[in-house]
Structure formats: C-alpha cells, structure tokens
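Here chain A shows up in two complexes: once beside chain B, once beside chain C.
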Partner chain A sequence: MLTYLFQRFGQALVTIAAMALLVFVGVYAIADPIDMLAAPDATADERAAIAARLGLDRPLPVQFATFAWNALHGDLGRSFVYNEPAVQVILQRLPATLELAFTALAIAVVVGLPLGLWAGLRPDSASGRAIMAGSILGFSLPNFWQGLMLVLVFAVTLGWLPAGGRGETVRVLGIETGLLTLDGLRHLVLPALNLALFKLAVVIRLARAGTREAMLQDFVRFARAKGLAPSRIVGVHVLKTILLPVITVIGLELGSMIAFAVVTETVFAWPGIGKLLIDSINRLDRPVVVAYLMLTVCLFIVINLVVDLIYAALDPRVRLSESEP
Partner chain B sequence: MTAPVLSVEALSVAFRTEHGDLTALDRIDLAVSPGEVVGLVGESGSGKSVTGLALMGLIDAPGRISGGAIRFEGRDLVGLPERDLRSLRGTRLAMIFQDPMTTLNPVLRVDTQMVEAIHAHERVSAAAARARAREALVRVGIPAPDERLRAYPHQLSGGMRQRIAIAIALLHRPALLIADEPTTALDVTIQAQILAEAQTLCAEMGTALVWITHDLAVVAGLADRICVMYAGRIVEEGPVAAVIEAPMHPYTAGLIGSSPSRNARGAPLTQIPGLAPSLGRRPPGCAFAPRCPSATPDCAEPPPVAALPGRTALCRHPLHGEVRA
Partner chain C sequence: MTASSLPAGPVAARPQPVWRRHVRAFLRDPLALLGLAVLVLAGGAALLAPFIAPQNPYDLATLDIMDAGMPPGSQSFSGMTYWLGTDAQGRDMLSAIIYGLRVSLVVSLSATLIAVSVGASLGILAAHAGGRVDALLMRLVDLQLSFPAILIALILLASFGRGVDKVVIALVAVQWAYYARAIRSAALVERRRDYMEAARALALPTRSLIFRHLLPNCLSPVIVVATMQVAHAIALEATLSFLGVGVPVTEPSLGLLIKNGYDYLLSGKYWISTFPGIALVTVIVAINLVGDRLRDVLNPRLAA
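Then we have the complex of A and B:
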C-alpha cells in the first residue's frame, strides 16, 4: 500500500513537471501580453519598461526557470490584471465552481444510476427505450444550446428560476457558499442541471450496459436459484458490480466538470474559475492561465488517485500493492 | 416404489425468435423418487441445461414453458406465481451451476453470500445464520471455515468454490438438487472428490439429485437411473447399469462406443457421424435418423416407444427390447 502510494507520487511529480513545461511554452506562444497591458499610444520605452517590470524581456528558458523556481516555493506568479497572486485569484473563485460541479455530480449519480438500472432490467420496455432516447439527446445536443434552452424555458418563459449569477451567499468557515440560502439554491438549479446533463447521460448508459451484462452472469442466476428477492439481487449483487465502471468515469468527469465548466459558467454568468479562465485568456493574463492549468493538472492527479483507492475498496480483486498474497 | 418427489409430464420449452418459435425441449417425461440420483446425459445443445432451468422456473424471455407439467411435492410448478416459486427455490429445490468461477459474486464475501441465502427464507439472527453457514462449510469438507467465510471468491480455488456453492444449495436441506455439470470445469481428482461428497451429502439428507452432464463415465459411477437426451427429447431412460450394458437406442450405443474407456488401447475412438441438428432444423420424425446406422425410411415418422422392464426408448428399431404396439 505504502509502496503503491510512493510510486504514484513519483509518477505525479513527473507528470506535473512535463505539464509545467508544456503549459508555459504554450501560453508563451499565444501572444505578447504587452499589447494588452500597455496603452495603445505607449512609446517603445514605456513598453520596454513594462516588459522589464514583468520580466517579459528575458529569454524563454530564463523565464521558465524563474517560474519553475518560484512554483517550487508555492508562488505561481501575480496576475497582471488583478495584481494579486494568481493562485489567490483562482482560489477565490473556486468554491463557486466546486459547488456547481458537486451538485451536478450528485444529480448525475442519484438520477442516472436508478434510470440506468431500470433501463438495463427492462431493455425492451417503452420506459427503457424512452430513457435511452433521452440519454442520446443528453450527450448529443451541444452543452451551450441545452443551457440556452434551460434559460429560455425556465427563466424567460416560465419565470420559475433565475437565469444567471450566484444569488445570495453566506460565509461559512471563511468560504462563500450559496448552498445555505434559498436564493443561492434557486440560482444553482439551472447551471447545475446544465452541467449534469451530459454526465447523467453517460451514467445512464454505463449503468444500463453494466446491468444488462451482469443480469446474464452466472452469479445472478445462482442468486435467483437461492431464492433471493429481486430487490436484493438488483440492489446488492448487480449494483455493486456496475459501480466500478461508473466510479471510474465519474472520477474523470468530476475533474473535467471542475476544470472545464467554462461553457456552463459563461452561459449562466456563474462567477467560477471557468469564467475566470476565459476572461484571463482574453486579457492575456499569463500567470492566471498558467496557474489555472497547473492547478487543473494537480486536481486530475488527486482525483485519479482517489478513484483508484475507491476502486480497491469496492473490488477485492484489485490489489494496490504486490506484497499481499 | 414411493411417490416421486418430482414428476415431469410432457414438458416443452420454446424460445421465441424472429423465425418463429424454436422448440428447445420437446415433451419430456421425467420422474425422480426421494433420495434418488438421476443422471441426465446428452451433448451440447441437447436441452440438458434448459431442463434444469425449467425445473427451477428460471427460463427467461424469450424462452418460456410452452406445455406440460412439473409436479413437485404435490404442486404443479408450471404457472405457479413467481412469489411462490421463489419461496421454493433454495429451500425445497436447489441448483448448482457449471462454472464455479462465476457462480459466486466476485465482489461479495463468502459469508455475505451464504447468510443472504439463509435470510432469504428464514428470520434468524445474523449470528445464528453465520453459525449455520460455518457448519455448512464444515459439512462439505472445507478446512479453516472461519477464514473461508471472510474470503472473497477469487481467493479460493475452483474446487473450493464449487464446494461452497454446494454448501449454499444444501443450506435448507432441499428435496431436490439439480446439478448442471458442476464438475466439468474442475480437474479430474477434484471432480471425483466433489462427486463423492455431493452424493454422500444428498444421501444423508434424503435429497434427490438430478446430475446433468455430458460425461457418461460420471453418470455410470454416480446415478441410479440415467436419461439420455438428444435434440430436446429424452430418447432413452432406465437403470444406469442396464442401459450401459445393453443400450436400446442407437444414439446411446454411439455415446457408449465413443467413450475412451470402452476401447482397446491404441485403437481410434468410434464416432457418431454427422452433427446434432440445430433447433430450427429438426426433422419431423426421429431427430437422430440422419446419423443413425439402423435408420430406415419410416424413421421419418415420429418414433414409437420401445420398452423393456423398467426401461423405455424412443426408437423404431431398438437394439434391445420391443416396440410397443
């Protein structure tokens, strides 16, 4: 177990180093931020002064070395635009995105698993087919269009729910959250639903495929021969078997939901990190973009590790270390 | 002779397909006395496993029981509500399956799978159920039962798993155990042990045993009576010694002739020419006629019943005995 964790940690370090290089060079290649930062009528001297202040006049390897050295000390640079540490700018926006992502995840699992199970148990029934048809719409219609439709139907036409923003928030343990106010929750419904729809469709399909496969297994037949109630066969034997692939995919999707909720956050004007990324790219705010991507890499690494650990807990056949018999 | 515990009359099973109904079982008759061991022999696709599943009420759509009766302890199981069938399964009627690697759920511990089988039919405390599970493991000759109870199936050998399956099947002292080739996937020495143990246990409990196999040698050493199946019908039935000594049906004779033990060392095995007919292409008369050395043109008519004392065969030209008028 410990050996395994050390190995994973080593792999993670290599991944982070490789990503740092890629991200830094990639962002460097996009455009020169001086164009955005300096006034349009600035003289060459003024531009050079800004470049010197920000360190942009030095050659790329030197810039990268400085960045890497500072990053090792936990400093990912200051935002050109906000003039605050980039990490701090991102962390301020993170709770909003986490709220959105976890709510979407909960919707996807809580709604998707039962629907997928149902469709898997009755693949030829009208309800089973309807669920599958719905799931095809769920991940073939573009996400932004689904978002616009949600706004149009529930906010504009019916007027039931607000269309944008985060609503009223309260401070709990120093973190702004909208989960504890009615207004915050009302604002959360549409964006969370929008973000959840695609994952919901994926969960439904995975659960259905898993259920259909599991129902044909000998252990289900043997469980029936034991005289077990259908609720126990489905709720314990089948559910536990299909959880494995669902958790793998959900783990990966959680990362992408947090990191790339960009479209949903833009459609619903949600003040999270996705919107921050788009704004920062538009303003060529290099430190924020780089810091954002580096945090994303770390996030994926952590989520993958957690998924592997859950996997091992759920499936006794997966062994995390080679020392066990 | 005592009243049979199981009496099957003209049982037919059909599978609905795009090309119409395919008959998997064609009017089979079978009687099993309390404590008796009956061997059901036939090659792949002859309907052996379908017979076992039909007796358990486990035929799934698109299959269905299309006619006949299954009288078990005074009740007809055909048309019995699923609820009543379920209360019989595991208690009075039990079944074990071919592949011990897949009959136990890989993600649940052995004790979970044993205790749930007890709780499905009896309200007893968890501790009492566990004690009974442990006792059942001891009975099937599993060493260190406490350790095995806590194990997951993948930590056990194939023979051990099949013993556990047998222990589960016999938990409620059933009146009838259906064993669908339970030793085929095991190596020969383990196979012999399991056979002996299953036989002893059934004798102790007074459980009748229907042993489904393609291996004539297994049945010869185990069963009191033998039923030979071919293309969905029971073509010969009688006491095992008499049938092997002097088969009535040419197919039985062919099976016996193709077993290795019956042949001189070094001589090639005799084969039955041709292949068993597929479900959709059965000739209207005797299904074996196209491969039969003694077939005549009138074999295209449905075969009559030939008889000897205590024995029957479906054949117009039996090798022994007389066709009934």
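Then we have the complex of A and C:
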C-alpha cells in the first residue's frame, strides 16, 4: 500500500512539473507579453526597461526556474487586469464554480441513477428505450447548445427563470453563496441543469449497464429464491454493485465538470473561474491564465489519485501493486 | 481485409464481395440512410458554398446595413428573400450557415484525418518497438486521456491564440491519443497472427511488414471510431469557437455564428443563433446515426 502510494505520488509530481513546463512555455514564451504592456510607440529602451522589470530579459530556463520557485510558494504572478495576485483572483471566484459543479453533480446522480436503474431493469420497454435515446442526445449534442436552448425556452420564451448571472448572494463563513437566497437558487437552476445534462448521460449509461449485468448474477437469483421483495433486491443488492463504477466516474467527472464549467459559465454569465479564464484569455491576462491552468491540472491530478485510492479501498480486487501488464 | 492480401488464384465460385454485403446491410437501416442523406446534402452545400449560397456573406459590398436583424422570410430592398433572416450586420443567415458549415466540416475532417494518421503511426510504432518506447508513449497517452479534452484544447489555444490552423492542431492534440491506444492494442493482437508469422518468415522488409500487413488489419476498428470522432470534433470546435478562442471572426464556423447571435437571443432575435445551432445539431446527429450503423455492419462485436 505504502509503495503504491509513493509511486502514485511520484507520478503526480512528475505530471505537475511537466504540465508547468508546458503551460509556461506555451503562455509565456510563444507570444511576447511586452507588446501588450508597452505603449505602441515605446522606444527600444522603454521596452527593455519593462522586460528587465518583469525579468523577461533573462534566459528562458532562468525565467522558468523563477516561475517554478514562486509557484512552489503559492505565487503564480500578479493579474495584469485586477492588479491582485492571480491565485487570489481565482480563489475569489472558486466558490461560485464549486457551487455550480456540486449542484450539477447532485442533479446528475439523483436523476441519473434511478433512470439508469429503470432502463437497466426494462431494457426493451418503451420507457427504457426513451431514456437511452435521451442519453444519446445528451451525449452527442454540444453542451453550449443545450444551454442555449434552456435559455431560449425557460428564460426568453417562458420567462420563468433568469438567463444569466448569479443573483443575490449571502456571506456565510466568509464565502459568498447563492444557495441560501431564493434569488440565488433561481439563478442556479438553469446553469446547474445545463452542466448536469452533460454528466446525466454518463450516469444513466453506467447505471443501466451495471444493472443489466447485476441482474444476471447469482446473488440476485439467490436473493429472489430467498423471497426478498424485488424493491429490496434492486434497492439494496443491485444498487450496491452498481454504485462502485458510478462513484469512480463521478469522482473523475467532478474535475471535468469544473473544466466544462467554462462553457456553462460563459453561456449563463456565471461569475466563476471558467468565465474568468475565457475573459483572461481575451484580455491577454497571462498570469491568471497560467494560474487557472496550473490549479486545474493540480486539481485533476489530486482527484485522479483520490479516486484510485477510494476505488482500491472499496474493491479489494483492485491490485495496489503497480505492475505493467 | 485479410482476403484482399491473399495471393490471387483461381477461385471456383466467386463469393460476393465483402463491401457489397456491407453496403447492402448499411442501406437496410432507414435512420442511417436519412443520416447519410443529410451528410451528403451538408457536404455538398459546404463544398459548393460559393455557387449555391444566395449571397457571399463575407463580401462586405453585398451587405446592406438597412437589412440588419430582419426576421426569417423578410424581403430586402433589392427584392431578395432572407429565408432564415439576417444578422446584426444585415448578412443573410442562410448564406452564413452554408459558409459556416464549410469551415466546421473542413476543420473537423482535417483534424480527424491528421489525428488518425498521427495516432496510427505512433500506435504502430509503440506496438512494434515495444520496451521503453512503448512504455513512454503509452504513459503519455494515459496522462493525456486523464484530462478532459476541453482542458487540453484550452491550454493549447490559450498559448497559440485564435486561428483555423490552431484549432486543427488543438483538435489533433486532443484526439491522437485515442487512436494511438486503439491501434496499439489491435496491433499487439494482430502481430501474433499466422499471417504476420508468415510475412516475417518470408523475411519481408520491416516497412512492408508494417504498412502492407500489420496496419491495414488494425485500421478497420479505428475507421468506425474515427467516424464518430468527427462528430466530437465538430462539437468541440463549435464549443471552442463559441467560447471565443476558436476560429477567427473572419472565418466564422457554426459555433462562432451561434456565439455572435447569442447576444441577440435575449432581445428576442432568436434566428441569428438558433438556425446555425439547428444546422450544427443536425450534422452531429446525422454523423452519429451513420457511425452507429457503420459500427454494427463492420464490427458486430462492438455493438452494445
């Protein structure tokens, strides 16, 4: 167990270092930030002064070393636009994104699991087929288009829900949240639904496949022979077996939801980190872009690690010793 | 596939060619036929855009600002009918969609073709070379697949900036890993087959071993995946362009048209955004219908 942990930890560190290099080279080395910072009519001397101030006149490896050293101390540079540390700019907007992602995740599981179970129990019924057809659409249609349709139907045509923004928020324990106000919740419905649709299809498919497989197993036949009620067989025995893959995927999907929140936040003008990323790319606010990408990459690596460990804890069959197949 | 690489000889009863059986099986599904028809129509429209579009939407001389924001079916001053309305610059939406379709299809098709070639080469290389090369390449594939496609694409486009070529590069970077992994695992199975043994026993050059014998037999499962991946590529390109980091404004794809119209959606001018969206979704669904059927016909084992 300990060897495995160390191995995975080492891998994670190597990945982070590689990604740091990629992001740094990509964002800092390809384009010249001075073009954007200096006035168009700046003389060569003025440009050199700016370069010297930002450390851009030094060789690239030295620049990267400085960047990496500062990054290790939690300093990913200062935002050009907000004139605040980039990490702080991101952390301020993180609660909005997490609120959105967790709500969407909850919707995906609470709606997707029963639908998938149902489709798995009656794969040939009309309702089962309809659920699968819906999940294929959810799978293949672009997420931003689904969001657009939600806006068109519920905000523009019916006028039931607001089309964008986060609404009224209250401060709880120093964190702004919209979950506790009616206005905040009304604003949350459409974006959360949009983000959930993306994962709903995955949960439905997993639950359906798992249920179909589980229903053929001996333990289900045995439980039936024992005279257990069908609701108990499905609700306890089958549910337990299909939960494992669903948990894994949900864990992995949390990260991808935060990444995909970029799309939902742009559609619904949700003031989270995804919209911040797009705004920062458009405003050439490089420190924020780098900080966002680095934080998201780290988040992914942590999530992957945690999911692997949970998986191993839940399923003793998973071999912990890493051996090449 | 294997049949075609056998030496030609006198055959008693010529069996029905495999592809004809496939075509017939494919045509038996009405939904797949519909999908194919839509794709032929969309592809034809995109190919012939300059000839069939009522207007060249990017020739500013043909635009009339007086016609801006007209609802579908309106008549312009010059007597032309805007069947799908006009956008905020007075551009005919039907023409804009035909041209946008062209950009979307070119970007996604070329990205998928390049990704298949790159992925196939690296996958075959990994399977053939084995050892450290294999381990390194597959570690890279694992690493990349553990991140969502959109994040990888955003990292690349944040560094490169906008551009058609840059979107293609980003899409290739996102997709190659799937193909590399699929081809490698197919190649690992195929290279143990008897025909490979025979080819090796003939002391054929490595190049011929790989390209003449190994690669053709690994490609068929990938072709099906690639068909479906075109739909993903279209969707991802549209998403990136919608976010404003994809294709430049001078060459708008369907995604960018949707983004441009989105600002007017809230003021009730639904057509600027909705019609490109419908075009986008129709093409994606059509590709999926065709891809599904192709998979069932070509590779029954893969059918769920």
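Note that the second predicted complex is superposed on the first by the 294 of 325 C-alpha atoms of A that agree within 3 Å, B and C clash if a C-alpha of one lies under 4 Å from a C-alpha of the other, contacts with A are read in each partner's own complex, and residues count from 1 in each chain.
Here, a contact is a pair of C-beta atoms (placed from the backbone, for glycine too) under 8 Å apart; a residue touches a chain by one contact, two chains touch by 3 or more.
Being a predicted model, the structure only gives us computed values, none of them experimental.
Visitor: Aligned on chain A, chain B and chain C: do they clash or fit?
Guide: In the arrangement built by aligning on chain A, the partners chain C and chain B fit side by side.
Visitor: Tell me which partner A:256 touches in the superposition: chain B (first), chain C (second), both or neither.
Guide: Touch status of A:256: second partner only.
Visitor: With both complexes overlaid on chain A, does A:62 touch chain B (first), chain C (second), both or neither?
Guide: neither
Visitor: In the overlay, answer first, second, both or neither for which of chain B and chain C A:232 touches.
Guide: A:232 contacts chain B only, not chain C.
Visitor: After superposition on the shared chain, which partner residues are touched by A:223: those of chain B (first), chain C (second), both, or neither?
Guide: It touches chain B, and chain C stays clear.
Visitor: Which chain, chain B or chain C, ends up touching more residues of chain A in the combined arrangement?
Guide: Of chain B and chain C, more residues of chain A lie in contact with C.
Visitor: With the two complexes superposed on chain A, say which partner A:5 touches: chain B (first), chain C (second), both, or neither.
Guide: neither
Visitor: Determine how wide the angle is at the CA centre of chain A between the CA centres of chain C and chain B, giving a multiple of 10 degrees.
Guide: Rounded to the nearest ten degrees, it is 80.
Visitor: Who does A:282 touch here: chain B (first), chain C (second), both, or neither?
Guide: second
Visitor: Please state the minimum Cα-Cα separation between chain B and chain C in the superposed model, rounded to the nearest whole Å.
Guide: 18
Visitor: What residues on chain A does chain C touch that chain B touches too?
Guide: none
Visitor: Mind pulling up the chain A residues that touch chain C in the complex?
Guide: 15, 18, 22-23, 25-27, 30-31, 136-137, 140-145, 148-149, 151-152, 155-156, 163, 255-256, 259-260, 262-263, 266-267, 277-278, 281-282, 289, 293, 296-297, 300, 304, 324
Visitor: Quick one: which bits of chain B touch chain A in the complex? Just the residue numbers, please.
Guide: Residue list for chain B touching chain A: 56, 58, 86-91, 94-99, 102-109, 116-117, 120-121, 152, 154-155, 165, 168-169.
Visitor: Looking at the complex, which residues from chain A come into contact with chain B?
Guide: 217-219, 221-229, 232, 236-237, 240-241, 314-317
Visitor: Once bound in the complex, which stretches of chain C touch chain A?
Guide: 135, 143, 146-148, 150-151, 154-161, 231, 235, 238-239, 242-245, 255, 258, 262, 265-266, 268, 270, 273-274, 277, 280-281, 284-285, 288
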